[in-house]
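Same chain, two partners: subunit A is paired with subunit B first, then with subunit C.
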Partner chain A sequence: MSNDSVNTFNVSLFFPKSSTSTVTNKTGTWSFMRPSYLEKTAPCSVHCPCGQDIPRIEMLVSRGQIAAAWNTILAENPLPGTCGRVCFHPCEKACNRGQFDEAVSINAIERYLDDAAWAASIAPAAARGSAKGRRIAIVGSGPAGLAASYFLSMLGYECEIFEAAEEPGGILRYGIPAYRLPNEVLDREIARIRALGVMIHCARAVDSAFLEGAKHTYDAVFLSCGNGASMKLGVPGEELALDGLAFLRSAKQGEGAARTISVKPHGSAIVVGGGNTAIDVARSLRRLGVSPTIVYRRRREDMPAFEHEVARALEEGVRMVELRAPLALARLDGGIELKVQKMRPAGVGADGRMRVVPDGDATELIFADALYSAVGATHAESWMVPPDDGRVVRLSHAAAFWDAPVGIPLLYGGDPVNENESVADAIASGKQAAIALDVFFQKGAGAVKAELARCAVGDGTSLSMEIYLGGPRANRSGRVVSFKDIPTDYFSPSEKKRGASLPPERAIASFEEIESSLDAAEAAMQAERCFNCGICNDCDNCRTYCPELAITALRAGRRDDWSTEAGPARAINSDYCKGCGICAAECPRCAMIIEEQQS
Partner chain B sequence: MREVLEGSQAVAEAVRLARVKVISAYPITPQTHIVEELAKYCADGSLDGRFICVESEHSAMASVIGAESGGVRSFTASSSHGLALMHEMLHWAAGARLPIVMAEVNRALGPGWNLWVDQTDSLSQRDTGWLQFYCSDGQEALDTTLLAYRLAEILNLPIMVVMDAFFLSHTYEPVDVPSQADVDAFLPPYEPKFLMDTKNPYALDEVAPINVYMEMRRSIQMAMEAAPGIYQAIEDEFYTRFGRRYGLVEPYRCEDADIVFVTAGTAAATARVAVDTLRAKGERVGLLRLRMFRPFPAEAFRLGLAHAKKVIVLDRNCSFGAGGVFAQELKAALYGPEAPKLYSYVAGMGGRDVTVDTFSELFTMTRDQDEPPLGSVWYGVNEEMLRS
Partner chain C sequence: MKNELYSGAEYLNPGHVGCPGCGATIAMKLALRALGEHTMLVIPASCWAIIGGNYPQSSLKVPILHTAFATTAAAASGLRAALDLRGDRETTIVGWAGDGGTFDIGFQALSAAAERGEDFIYVCYDNEAYMNTGVQRSSSTPWGARTMTTPGDKWKRTYKKNIVEIMAAHRIPYAATASIAYPEDLERKLRKAASIRSGLRFIHLYSSCPTGWGFAPEHSVRVARLAVQTRAFPLYEVEDGTTYAINQAGDKPVREYLRTQSRFRHLSDEDIAQIQKYVDQEWKRLVRKAEEA
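Up next is the complex of A and B:
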């Protein structure tokens, strides 16, 4: 305090003024709350079957750090080029930004990243782990088998894949039409996996005898044979139906091959089914000049096919007949006559889907030049799925038979054991099997479930390889950031964008890929929309708003190298932190917490 | 140089001549002309100052508090609701001992919405530690603004220069605008006694514990008590330079008056005409115009009313539940066996006219009444409207 009386009138001037530094005033002693940095889990990552670190990927893309972003995907998913095209992206449904304006274009950004990394010849960071001296046989080279071999290689296992077909990829190569996934993209993904040392034996179908003798060469077998056998319609005249899966396989080989089993151009076809295969068959037929009609026993909204694929099929001129169940097929004038039963909705069943029942005895006849059956698929042989044995351990995305009679552990993954038949879920099963096997070999079967729980992303079933390997992500809290945790004042509404699509009339003229990639500027702008839920991006709001200057930057400015440094580089000085909580409240990404102080 | 200026322009001229460096304000009728004029000066370079646009009067006062804390002469202007919104910051300016000068145009507070003259807005701020001067014409508004800077910077207390809505703020009159050289000689560049200075760091306006707070309040009161004497000294200097003086209170024909009017603002100019009219009829009447309200110049009133038998106070305000504020303050100042009888009238609120006839009637009512009624009498109210 001072008493300045310097003017000639000698006026009293005693007011709050002090030269004592506030450093002596340890305001931290007032505190009963304590903020701290605690990175959390984003809902998108929880809902991504591959458990990708999406908020970090988006942050890196927004800063143009393509290599780091791409490698962040590769830490959890060996097939970003594929997933960026065909994934049903449940991440976007879970995106908190969806409650603000529109979800972040996570899927399109993944696609962009893989294309950009390929164009720039960026070398993947993922490397083969130090050799563990064990060999794993993998049956089937679809997404589950490829993923298992990839993650097992990262963990130091020697992997050999046995593939019955001429080329690797399974459903990716033979089931997904080229307009959704060109073979060149798949080829480069598989080349990357091979570069890790994975040996892929093509045209090498195995049988149950292989399993019997596997123990002499391998320490475990992962079975990921897929659902290669189409299900039957189960109606009279069934033999007149063409197999949808087989059609897709030939269509992927080339237009000519597809025609050999198809109908003539300008003809008509009926496609029976409501799954992705039915949609793919109908859209492929459309590209061959055929007018397809999908006949489905339930309603359109009940279709297991991905919503956006159904919408796209309709745009392309595929017709759809709902609530019609096939009763019988007959040959008529060189074509097919399908007799259908009219159905009606009858309340929601135990599985949450709308049930349908016959609507009286109303029937109809539908005519077409050909009929394709696409009512689902199942495994081709019984040894391809886990036996009905109490010792089989069912995991979220895989099954493990540790003490299988063949003498070595058998693990099962992919569509036959997955609740949700998707590429991402297949990759998840490969990852789960790889981690489970590694735990089994190191700590025994008893440790598997606890270790898998440790690697879970948030409160879901997705697993993170980075967490398993003890990377920086392992330090994050599993608490999932919700929309209300985000102070949205820091964000302005902006438009969601995907890559440009061919107009339907051009799309159906060929099997050319429909969607193109975002460009670099668009991708950065789209990634910038991400709230980066739960992770610190060095925005420095905490430091800016701290009224006590109690936050210190451990590193000036923003991180340059995100591959080696992760987590907030800020420290809170408890000598001065009053526990006011402004830092935590103003963290735009919910990367802080404030808790009552433990005395 | 004599110019025909609006009252608002007269204040703006004074601010320009005072070489104010920072102006921050938010528009509100009837104050806006003042800051519009100043914004123009800042834009055309005739004033070398920064005009800070803000989103509220609270922020306007906060901005000038910041500027003054940095050692810079500053100015703001407001009125009515704008002044009310500044209230918290008004206390801050005084407690921080910052010599801010503001123009306050007296306007009624709503609801009901009313843009016209009323003193309730400024009188509601009487306990904030600001000095208050009430002006009655454009020349006085200009001169008082210059005097206010000189006084404020000696006292380290903020000053409000108060003027009537429209009757003064929007009325054109001849005003003698002094030269810049003369003003510079009277009002030297501001030399702050303390300022925020990164080279000599210290804390300002921090926590004042129990053992020092009361002393700080006492220091404000001591500065207030010193103000009348200091004001008179600097007004003497002003008079020698510019030939005009006003005083703390301004007497008119009071020497032998039995009854004296006390009022403020433009009503006082009307009262002067009423005094002349009544004098012509042989009445011994005078006027003692209130100019300084804070600090309240009790001594000057006692002297000025020493020979009066009755005092007529006309308040354009009311402290609800008590009465006219000027009357109460004056009653307290005159208290004692020798005090003249004080007749309190509330009139002219919300812009209602106060005419020569008003004063003549108040005079007759007071002259014919031996004892004043308890409390204030409301003059000119249409009782009909209140009956329902």
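Up next is the complex of A and C:
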């Protein structure tokens, strides 16, 4: 050992030291799977007849973006204040969260949004489209007619509505009782539609002659006359029955008007029927101090009325007699004697509903001061519905007679052509007719079905105007997100809440609206329960877990303007992505997919 | 869930050679996000000796000192002393070893460093066998698992060493378990470990291994989450060796966890019942300790 090496402590450490990084290794070449971002369709939107972009609405509400959320509704539905109150919300039945704990309070949040937007005087974003130089006549100003005029205006058509009644709204104004839908709410929705330039001529009943001459002024007519004629009971003594629809119409004009067609307080009444009209009649009578009994030929669970409305009616003290079919009416001591046949269930019929048959010869007598008939309604005149003609094209929510003998296309919507008689389905009618007409004028009748299919939401029949107009929503896949697609570990159970309701004893004291709105904090909390199925909310779970640093955000911060910006704005770098798929498996909203790589 | 935006710097480079879906890589990525750039790592023979990069490459943006299998804690002690001599108190030293390098081969150095009260964080990223060399059992391999050295019906019939208990018995200031499936908890624990300077801090970090355990790589996080949800790997922390706190509840049956991996595929219902019994006992003990605290 030499002295040199012993004496020095300045030994250099022969440690090899890295000088480059691994970024030059394109480890993405290992991959045989390829993840990608693909926003999908939520089941709620598919089942909403209006095709509203519900996951996006809930996300915006949870972030306090009230104006954007409200306008997201208005893109697909001109009547959020109405639907937030009276819609039977099939969206909530389809909600994936329902399989986790309880469905999201979509309906109550819609109501909240419209109240909040009204209170804050938020201006609607929907605007009149650039003029197409065509005029459309619309017959009837119920939800179908209003929706058609709204969407046609957005598409640039000049619309005139002809309404037989003194004021617009149809069934919304004259059928749905004030405790469910106050007129002020309807008025502000109609004002918004008028602001788009829609002309509404009230007290202008039209007839078939109008259709004959329409071609001189209009390029098409949309008939949305509703079912204004009550159906008959078809039993002896029928003329003793009062008309349920007429009663509701007077009730909507105030208590005084209602009393002219009602029995005196503390009296009793029979309401025959099982639809929403029967329930509305019974509950309105209750508010006039009358004790109503609903007589229905099938069972409660077979009623076409919305289940929650039936439950409320019973809470309010409405009585119900099931499996009793009217046989005859007779006058007795200033009141009515109703003879009924006892019925019994006899298996499910071809229409999927329980059939009933007479239960032997058993009959009963029921007495009351008055009897209201509410066994359904039909169109008042034959020209209001599509003719029995092979050339009429039946769509899911409308019928189109492109080469009608009157010389211009006639379209039909609303209850007379809808399988499901609801406000939301009526709105769907108006939207479908508007899109169909636009396609007809631009591309001809032959293109209508394909274009409607293009803007369908998911695999259902509801349509999206945003998709039709090529908005960001058009970039989503129609694949519907199912419950098993959602990694529910990212969510914890929480309680569903609606707005507070008046207790039944207070509710029946007047026609005051029963349910109140959620407050802002409650609405945000309820909206946060939403899984936001299929749409990216920039949670960046994908980036958190990506072991390869292969995901880049193309935007700083969150997607703020959903009306213009599509997609998650994330890019996957195929140089490094090994295709492990953790990003897609852990996406809490199912906004990604992974597929085998094509060579 | 909270929608917090992902922000902050990354200290892992792409192009590393970790297997697709590697839990240990996610573990490192999250740990360094919490610790930041003033971090030096000491890595012995392990998967991470490979993932860290073949010479002259490095997959990390912070320095790594590669050491021999048994010497992680000794090298970390020396590195700390050298930095102290240079007046650098800011840099955090992290010993980063697998379960083989911790439970087995590096154990004496770790125990000694803990006893001396050395100032560094020791992270055992645990994939429950010698994965880098081809899945040989370690003393961290759980009861019931098949490995290349416990194959067929010779599957492992001894229990996993409880390393956190052993480290807590050294009365070190901080010992905790963490999981890649709970990033917020993981990052909080590493930041907390970095803030304590009065002795060795030990993190037992669960790192799922698709290659060695037999599951599809996209399930790495799900398997890790199930380990916590079934109490097979509870999340808890121990301060000063005595004060226990449980960080995450879970009550799913352990079967759900076992059934995700082919290394447990052979287990009979009776075997699973035995594992469940063991898991329940361990959980009960843990709850008792947490209640005492």
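Operating definition for what follows: the second predicted complex is superposed on the first by the 575 of 599 C-alpha atoms of A that agree within 3 Å, B and C clash if a C-alpha of one lies under 4 Å from a C-alpha of the other, contacts with A are read in each partner's own complex, and residues count from 1 in each chain.
Here is the rule we go by: a contact is a pair of C-beta atoms (placed from the backbone, for glycine too) under 8 Å apart; a residue touches a chain by one contact, two chains touch by 3 or more.
These figures come from a predicted structure and were not determined experimentally.
After superposition on the shared chain, which partner residues are touched by A:Thr20: those of subunit B (first), subunit C (second), both, or neither?
Both partners, subunit B and subunit C.
After lining up the shared chain so the two structures overlap, which partner does A:Tyr576 touch, if you call subunit B first and subunit C second: first, second, both or neither?
Only subunit C; A:Tyr576 stays clear of subunit B.
What's your read, subunit B or subunit C touching more residues of subunit A?
C
When the two structures are overlaid on chain A, which partner does A:Glu548 contact: first (subunit B), second (subunit C), both, or neither?
Only subunit C is touched by A:Glu548; subunit B is not.
For A:Pro487, using the defined touch cut-off, is the partner it touches subunit B, subunit C, both, or neither? Pick first, second, both or neither.
It touches subunit C, and subunit B stays clear.
Take the contacts of subunit A with subunit B and those with subunit C, and give the residues found in both.
16-22.
Within their complex, state which residues of subunit C touch subunit A.
Per the touch definition, subunit C meets subunit A at residues 1, 3-6, 10, 12-18, 20-22, 25-26, 29-30, 53, 55-59, 61, 64, 180, 183, 210, 216-222, 225, 229.
Subunit B touches which residues of subunit A in the complex?
Checking each residue of subunit A against subunit B gives 1-2, 4, 6-7, 9, 11-22.
If we count contacts the way the header does, which residues on subunit B are in touch with subunit A in the complex?
On the subunit B side, the touching residues are 95-97, 154-156, 193-194, 201-208, 212, 215-216, 218-219, 222-223, 226, 230, 233.
In the complex formed with subunit C, which residues of subunit A make contact?
The touching residues are 16-27, 30-31, 487, 489-491, 537-540, 543-545, 547-550, 553, 557-558, 573, 575-576, 578-582, 584-586, 588, 594.
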